[in-house]
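In what comes next, chain A is part of two complexes: it sits with chain B in the first one and with chain C in the second one.
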Partner chain A sequence: MLPHFSSLRPKTKGEALTYLSDLDRAKLLAGGTDLLVRMKRGESHDYLIDITAIEELSGAVLNGGRIRVGAGTTHRSLSLSPLVLESARSLAQAASWIGSPQIRTMGTIGGNLVNASPAADSIPPLLVHDALLTLESMDGERTERVEDFIIAPYTTTTTGREMLTALSLEPLPAYEEGYRRVAKRAAWAISRLGIAWSILEQEGTFADVRLAIGSCTPLPFRARKVERFLTGRKREIAVTREAVKICLDEIRRISGERPSFTYKLPVVRDLLQAILGGR
Partner chain B sequence: MKSISFTLNGKKVASEVDDDELLLATLRERFSLKSVKEACSIGECGVCTVLIDDEPHYSCLTLASKVDGRDVKTVEFMGDMDMLHPLQESFIAHGAVQCGYCTPAMLLVGYSLLLKHRQPTEAQIREAMSGNLCRCTGYIQIIEAIRDAAPFFKSQAKD
Partner chain C sequence: MFVGKELVRVDARAKAVGSAAFAYDLKTEDALFACVFRSERHHGRIRNIDLGEALALEGVVRILSAKDIPGRNLFGSIRKDQPFLADGIVRFAGEPILVVVGKDEGIARRAITLIKVDYEDLTPVLSAADAAVSPVLVREKGNVLSYRTLRKGDIDRGFAEADVVVEHTFTTQWVDHAFMETEAGFAYPDGDGRINIRSSTQNVHYKRSEVAAMLGVPDGQIRVLQATTGGGFGGKLDVTVEGFLGLAVHHLKRPVMMRYTREESFLSNTKRHPLSIEYKMGARKDGTLTAVKANIIGDTGPYASYGETVCLRAAVHATGPYEVPHVSIDSRMFLTNNPISGAMRGFGIPQLAFAHESQLDEIASLLRIDPIDIRMRNALKKGSLTATSQKLSASAGLLETLKQVEPFWRQRQKQGKGAGFGLGCMYYGIGNTGVPNPANAHVELGDEGKVILHTGACEIGQGSDTVLLQILLDTLEIEPRDVVLDRGDTDTSLDAGSSSASRQTYISGKAVHEAGLRMREFLERQGYYRGKDLRDIYRFAKDEQPLRFDGYFDPPARAIDGETSQGAPYATYGFATHMAEIRVEEATGECRVRRVHASHDVGKAINPNLIRGQIQGGVAMGIGFALMEEFTPGKTSSFDTYYLPTSMDMPEIEVMLVEDPEPSGPYGAKGVGEPALIPQAASIVNALRDAVGVKVYELPCNVERLKILLEKKEKT
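And now, the complex of A and B:
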């Protein structure tokens, strides 16, 4: 059973921010695929502010050389957006695997981020694209990097009076890019492992490499040590094998040995080897 | 309470709904559409699926107020006892219905898919059904039923 609450359905961002500022025990409702499930399990709020009618929160456009994604954009529209497919392919792919078709039609990228699950498929691609988040309240606006926004599993820096309104991504159209995940089954599965990558190769050499790994460490992370090692080196097997080893050492350094690593790390090894080898 | 008006199975309707009312409850209790089922209540089983603007949504996780001004379809839209929809006929022909509990939702996801893809691949059919569980048929019959109903949608195509 859902606990009782009052609901509001603002049409503009300003109206939503006013409600957030004026009402106590209020919570923003986007797709509802996480929040309403939690509320059926006992979480309660006096007010839900349904932000799905606010048109300005939805859509992905090129703006000042970066991709601006409204926080209310659904996973489905991200997975179909020509701009995202062209310039942030890993995000489009990750979005196309979240939950089920219904979840993708209902759920939003902003909701996924604010929920901050360590297994959220959208986070590794956002790390690869150096995503900046815009958080707004009646007191003003702030910008935060996605890696600073999520501070612990299911915990972000947002105050209850703020709304995540937009994401800004660096477009990487000339890069080889993708997202691969391992889960128990294709649909409705939580990722056991997810890797987003974006690689720029020039004349057989790694000119720029970005790798982000999710569901392996407490928070998804950018494997910057591996990226630094690879940049400027030849794209050949001896180099990529060394890079994979650096990555596994980095995961162990962050997490310590975990029982799941007997399974996970060989999978990371093989996936990374395939990705870096261009297979 | 909120006053909402929307199109339900092709007819304009209006209703008063509670602030915390789920679309599932509105359809079942206020409009007596009992084809819309509730089972898991957390968006995993898919039996509560309805179409909003022809896209499948879980009505157990949708506030009723969200459909104000929009188009909602349940399986009652498709056919009735006197004349079933060709997709429904195809489900029967393929033995894609056993206990029947998942069937209204399965028909709706199939319908939505066939509106978008006049000749879906098996992968597209499987993907479209992946948010809906069936514990009887083993799915193959449902996949075949949807695939074989495609020619009807193709002949109806405006594009």
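And now, the complex of A and C:
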């Protein structure tokens, strides 16, 4: 059962920021698909500020050469956005796998990000697109890289008086791109593993490679060592095999050995090999 | 004629528009709410209970303990060994200790968090293997709840005659029923001082007798009515909320509501037995089975529930639906401090089917025989002797189910990497094992010439209301509008036994048919079949004689021998063949079931559409059992960590029916509720071997286990 709380539903960003600044024990509600579950288990707040009615927080548009995604954009609308499907396909795919239809209709990209679960499907694609986050408060605005924003499982740099308002993604329309997740059933399941990739191949050579892996290490991570190794090398089996090996070493270096790796590392190996390809 | 027709379920409209009243919908404004404080320890002695803070909470009305039980503080379907409320000792984490009654649900649940119990920990017994050797006794009489043996022929000779012998150990997991509606009930005192309990249940008369004994009052002081019930699968056979509700109303004389949270349901409800099955099977070169030897070991938790039933059923069905001349089975259930395992769809047979079907496929592959041919060669048929040496005289359509699947099997073509096909067969004794298990029913001609059907058979979603109605309609040659259904009320119906063991269509169906035949004789005399109106018959006859006609049926099954289990424990059996087509992604260990062909011998399909529904549900549950569902005590607490298949995991399902009539059943019908599930997991496991060459000996074969099996295969 939910504890008692007061609910506010601002129509503008300014109104929401004023509430955040003025009210103590207030929490932003951006869909509630994680927050309400936690509150049913005992977490309590005096005020919930529901930001889903703020129109300027919703939608994905091309802006100054980058994709600007409002933090209140739902998973469902991300998965259907022509712009996202064209220029950040892994994000559209990841969004289409989150939870159930009900959760995708309520849940938002901003909420998913601030919740910062190690298994969040949206994070690996954001890493691949070098997402920059805009955080606003009554005191001003700051920009942070998604990699710096999440500092530990379920922990971010945001303060209680701040609101994540927008994400800015680098569009990668010419890239091969996708998101693959593995779960215990076909749908409505927490990912056991998720890989986002974006690859630019030119004349048989890796011109640019971006890989991000979720649900494997304590925080989803960009496999930059693998990316550096691949860039400029031929897309052939000897190379991609070596890249897979580097990736597995990198995961072990980050996490040490974990019981789940008996399963996860062979899956990373096989999926990554299939993604990188090469003959 | 209505039998054999796809009559729309009588409850379809009410359930579709939301007007069907589940227990929670019956709650009145003034109802109190009760919830249960449960043991936090596996095994311990209660030293002290501190209720101070909880009682001080405003709105807490009463906290009841074992001391407040005026009658017998024990219940159990098979043997009375489980306390309603712990009396000094707790034997599993989740065992009820106190009932807290509050003004509303929030208060009652908050009060629970304020109760402090001081335990003296006792060493827990946490596995069957441990129970076998531990000096710690879970119960005073020792740690073996039940030990059953089956001996047929000469087992040594059987293996001596075999050209090939395979032997493996199979293990299965705890499974939760995961019904959509958790345990719930609403109870209230009536003007006569009686206690009325309306609950989500699979039986009403049994619950009434348990509550009456607990309160030390005659059965007549208690009335149990079935509320609309959101699923049972065996998990609502044992007393759940009914005892606590009866106790609360007894003391408070006020209406009381209870419903479990999902977490509470996972914690407290009985589970499917985890079994370890050492299984040895021998065959001649031509595939003819010569011997089966099995050693079955189960963990049943600290209380009997249906542990003995599963122990015995597993033993008598251990060979699968095949003629095996030499059989030796040992089946044991150990008491532990794990959750109680009890009745769940199939009573141990889905676990055994996993073992015997895997073994049969391995023999087939060693002998280079097609899996369908080895099944046809050994299939039970009319005239066959089962493992208990029961001669099947009728309604034994296994071969026909195999023949229905055969064209799809022979034409199968693997499409793509990781594709595979598997077969699973089963037989299942309908009704309880070697004991009387009768059902009553009666019909009445009432006001305005309505025929009232009184049955104690609980509708738990399986469709018994509709099936019983169809049987009555044909027996009397009347129309649906002529009938009023009065179901699941201990005041107005006689005991029909539980909705379990796939028994209601067969047993209650026959009782309804018998009652209908008696009414038919009466209507015949009154001229109904010569055109007289039911209303006129009622007006004319109501003062002359009671217009009530009783029906009763007890299947002709007999007790089996205590040592050899030889005999005829069931009057009839269901038979089925499932064929599964799967696709495995080797990179990830994901397995999707793409298509299922399911053929069932149901005797007579009273309502083919309802049977299709049962089979689709059985396939879903079988996919869960094979590939994902697993309850881990202390870890699994909700659907967060307990994976049930969703619609996205469901295959296309082709249902085919065989109607080899059962002479003792109504219009030739028998049962299908559990058969629908039993062969499904087995067929998936066999398809895994076909698809990627892995041998599965442990369920569930979830993504992780499957990937690890694939890795091991790579290495060897």
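Everything below uses one rule, namely that the second predicted complex is superposed on the first by the 277 of 279 C-alpha atoms of A that agree within 3 Å, B and C clash if a C-alpha of one lies under 4 Å from a C-alpha of the other, contacts with A are read in each partner's own complex, and residues count from 1 in each chain.
In this text, a contact is a pair of C-beta atoms (placed from the backbone, for glycine too) under 8 Å apart; a residue touches a chain by one contact, two chains touch by 3 or more.
Keep in mind the model is a prediction, meaning the values are calculated, not measured.
Within the superposed three-chain model, A:115 lies out of touch with both chain B and chain C [touch as defined at top]. Of the two partner chains, chain B is the only one that A:102 touches; chain C does not reach it.
Within the superposed three-chain model, A:18 lies out of touch with both chain B and chain C [touch as defined at top].
When the two complexes are overlaid on their common chain A, residue A:266 makes contact with chain C while staying clear of chain B. When both complexes are overlaid on chain A, the residue A:6 reaches chain B alone and has no touch with chain C. Touch criterion met: A:274 reaches chain C, while chain B stays clear of it. Of the two partners chain B and chain C, it is B that touches the larger number of chain A residues. Of the residues of chain A, those at positions 100, 186-188 touch chain B in one of the two structures and chain C in the other. The touching residues of chain A, when paired with chain C in their complex, are 1, 100, 182-190, 192-193, 260, 262-263, 266-267, 270-271, 274.
Residues 2-7, 9, 29, 31-33, 36-37, 40, 48, 50, 52-53, 76, 99-103, 105-106, 186-188 of chain A are the ones touching chain B in the complex.
Per the touch definition, chain C reaches chain A in the complex via residues 105-106, 109, 586-590, 592, 627-628, 640, 643-646, 648-649, 702-704, 707-708, 711. Interface of chain B with chain A (complex): residues 2, 19-20, 22, 41-44, 46, 49, 55-58, 61-63, 65-66, 68, 109, 127-128, 130-132.
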